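Below is one structure, written out as structure tokens; comments come after it.
By letter and in written order, the chains are A, B and C; residue numbering begins at 1 in each of them.
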Amino acid sequence: MAILETQELTYTYSIGSPFEKTAVDHVSLKIEEGQMIGVMGHTGSGKSTLIQHFNGLLRPTSGKILLDGKDIWEDKNNIRNVRFQVGLVFQYPEYQIFEETVYKDIAFGPKNMGLDDNEIKRRVLETANDIGLSEELMERSPFDLSGGQKRRVAIAGVMAMEPKVLILDEPTAGLDPAGRDKILEHIKKYHERTKNTILIVSHSMEDIASFADKILVMNKAKLFCYDDTVNVFARADEISKIGLDVPQITKVFGELKKRGLDFGKEVFTVGYAKDLLIRRLKEREVR
Amino acid sequence: MKNIIEIKDLHFYYEPNDGDPLPEDVLKGVYLKIKEGEFVAILGHNGCGKSTLAKHLNGILVPTDGKVIVDGIDTSDESKLFELRQTAGMVFQNPDNQIVSSIVEEDVAFALENLGVPYEEMRKRVDDALKAVNMYEYRMHSPSQLSGGQKQRVAIAGVIAMQPKCIILDEPTAMLDPQGRKEVLAAIHRMNREMGITIVLITHYMDEAAACDRVVVMDKGDIVLDDVPEKVFSKVEKLKEIGLDVPQVTELAWELRKAGYDISPEIITEEECVEAIQKLFS
Amino acid sequence: MLKDITIGQYFPGDSLIHRLDPRFKIVITLIFIIMLFTGGSFVCLAIGAVYTLIAVLLSKIPVKMFIKSVKPIMPFLLITAVLNLFLVSTGDVLWKWKFIKITSDGIDISAFMMFRIILLITGTSLLTYTTSPITLTDAIERLLSPLKKLKFPVHELAMMMSIALRFIPTLIEETDKIMSAQKARGAEIDTGSFMTRARNLVSILIPLFISSFRRADELATAMECRCYHGGEGRTRLRQLKSAPRDIAALAVTLLFFGAVITVGILLK
């Protein structure tokens, strides 16, 4: 069964004012449990508005969001509970850190859930481990950490709520390559342990290619496509037409195809490209 | 051509608080010369000292030891500070935190107002600068109505209005979306090509570096590689070791070479990669 | 949402009133306020009302915007009116119950006060509706510039004002974002007991302060890079030039002021 589902979800800003704008327009989709999903779309495509509906921060103008088959707005008083089940990590989440120790900041969400101290401790330490923060950092002030570490503290703060669905809005924005790889690697590790559903918003299709089972693309407030990664990359041309960046390697193989060198496969990672080319070159040698 | 920037044995550390031990150098004896009109990228992971180096180029920081000379001005010479800052303009990462005024054109005029440029000339320089970054039609807008890429171009216009010989950009695209990045990079390349302004672009996007004349790689407070992009990126192992990436096409070529195929290690563009693969299969 | 709040309440436009030199507009508004307070009779206020009405019509700003501007102070107005109504004891007694009485003077005075305050609000709103906050700041700086001789930091104050204006939208957006982020971690901000709400407010204020300091620090560096060194020797892109229409507007205002004073003397 789908863990999250939207039915004809529509959201319009500032209704009745000259700034009225429909940010999400009749979007219907089903997100299966346990998958890792990449979310793409350029600024203003409605992707940020869409994800803020998943945990009830925004209430749809029309349409529904179902969590585990239940309309999340059926009981308004339950919305806080929905936020614990669908964790949302905003862009540049390190700017929301406020506690005096790393431990306390990660514990903020679990504490708000009303858990007992032992359970909070277990969760904080387990997620800290997943995200690669060592135990001796726990009593340090988060403000003394490096930028990448702060970011991981903030992400751990949401992970520690152990949400069924974890949504991260550009978790690697502004980081250097090493910091970016580290964060993605730790998110994958968390995914392997918990098997929870994860949605990651990213502008970098190269990053998305490295983890996503499925890709969701938003364009001009509408759902452009939502499909398996391979199928989405097969539409690389259309995707670059709506202004999104396709991995360099996919572009290279697209160009090769145009020049008559068709490998019959969608290529979106360097590793795969290498294996494919070497295999084909070996086949030629045999012939 | 003459050197516009000359850095000699630059050492720097942040002054410790009273009683604290002397900290480790952030910059450990950097030597660098940049020619007039050059477009140089400085690459390095966070904390390698590249931003600290940038801040030395217009006197925000002055060397603990060694010398930084920009267009003949010693950056430690306080009497020439304004002259230095007009010569070497700075653009920072966060576009929001460098725009002073609520109206675009007034922000672009900010430096000129400070320098006491007379009205007629100021008007012309502001308009020209806005046109140069394609933001003229937004001159009466408020910065809060603009996208990140547009704000960053306004910041660049504010620097161009000073008519600098050199612009230093400290990760100007790190906070932008792909569209904003393209706009800003196009503007920077135009400055270099059409106005002959020397560009020092600090970045950790490899594709941005690949499009420059020269790439300087920093690690642990010193320069470790300094060459044309083809040569720098061909050192895939070295770059990976210090936590940097290479463009995907370079990595593919390197992998194929490692597997024993005859392919140039100096591939940095898609076109070069396509042609090299075609050659392998011909 | 916080984003929907408009600050400064400026309505961009190109009417005669919009185009007046902001320095003149401030001076005119001051004269208008004095006019309202020197006029001691209904006739004087009627003259003021005519003046205000002409100005409002010339500004081409919908009248309902002015009604809106009076609304928030309506409770205050009513309380003043009621107090006047019951506390003024001179004049003919119209109605009496135990020790409470309403007199003709009471009605006169409370109506007069309400009328005067409504005109006052409408007139000053006209200034802020037709002048952007940044222009206003600029005009104040220039009007106060003689005070520089007395070592009064006119430029610095104006600079602080304009930077504050510049960052209000940025900080509102940021507050919105931090609030959402903490809500996503289960912080109750609109619901819950007073204590939890107060505690949760801390989770918003601390990040907001930290980020404001960071912004201030970066902005200061950026300003230094663009050769900022205080107000000395600065030239300005924005040129304020008074036109004949400014003189005309001032003259008309003084004419009305004169009328109010004359009527006041004649009625005595």
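Quick note on the criterion: a residue touches a chain if its C-beta (ideal position, glycine included) is under 8 Å from a C-beta of that chain, and two chains touch if they have at least 3 such contacts.
Just so it is clear, the structure is predicted and the values come from calculations on it, not from any experiment.
Of all chains in the assembly, those touching subunit B and also subunit C are A. With A-C and A-B as the two chain pairs, more C-beta contacts join A-B.
Remark: subunit A and subunit C have CA centroids separated by 46 Å (rounded to whole angstrom). Chain centres here are Cα means. That of subunit A falls 30 Å from that of subunit B.
Among the residues of subunit B, none is found touching two or more other chains.
For subunit A in complex with subunit C, the residues that touch the partner chain are 14, 52, 55, 57, 80, 83-84, 87-90, 93, 95-98, 108-109, 112-113, 143, 157-158, 161.
Here subunit C touches subunit A in the complex through residues 4, 174, 177-178, 180-188, 191, 202-203, 206-207, 210-211, going by the rule given at the top. Partner subunit B is touched in their complex by these residues of subunit C: 132-134, 162-163, 165-166, 169-170, 173, 214-215, 218-219, 221-229, 233-239.
On the side of subunit B, the complex with subunit C involves touching residues 58, 60, 82, 85-86, 89-90, 92, 94, 96-103, 105-106, 109-119, 122-123, 126, 142-144, 155, 158-159, 162.
Within the complex formed with subunit B, the residues of subunit A that make contact are 42-43, 146-148, 173-179, 203, 206, 243-245, 247-249, 251-252, 255-256, 259, 261, 270, 273-274, 277-278, 280-281, 284.
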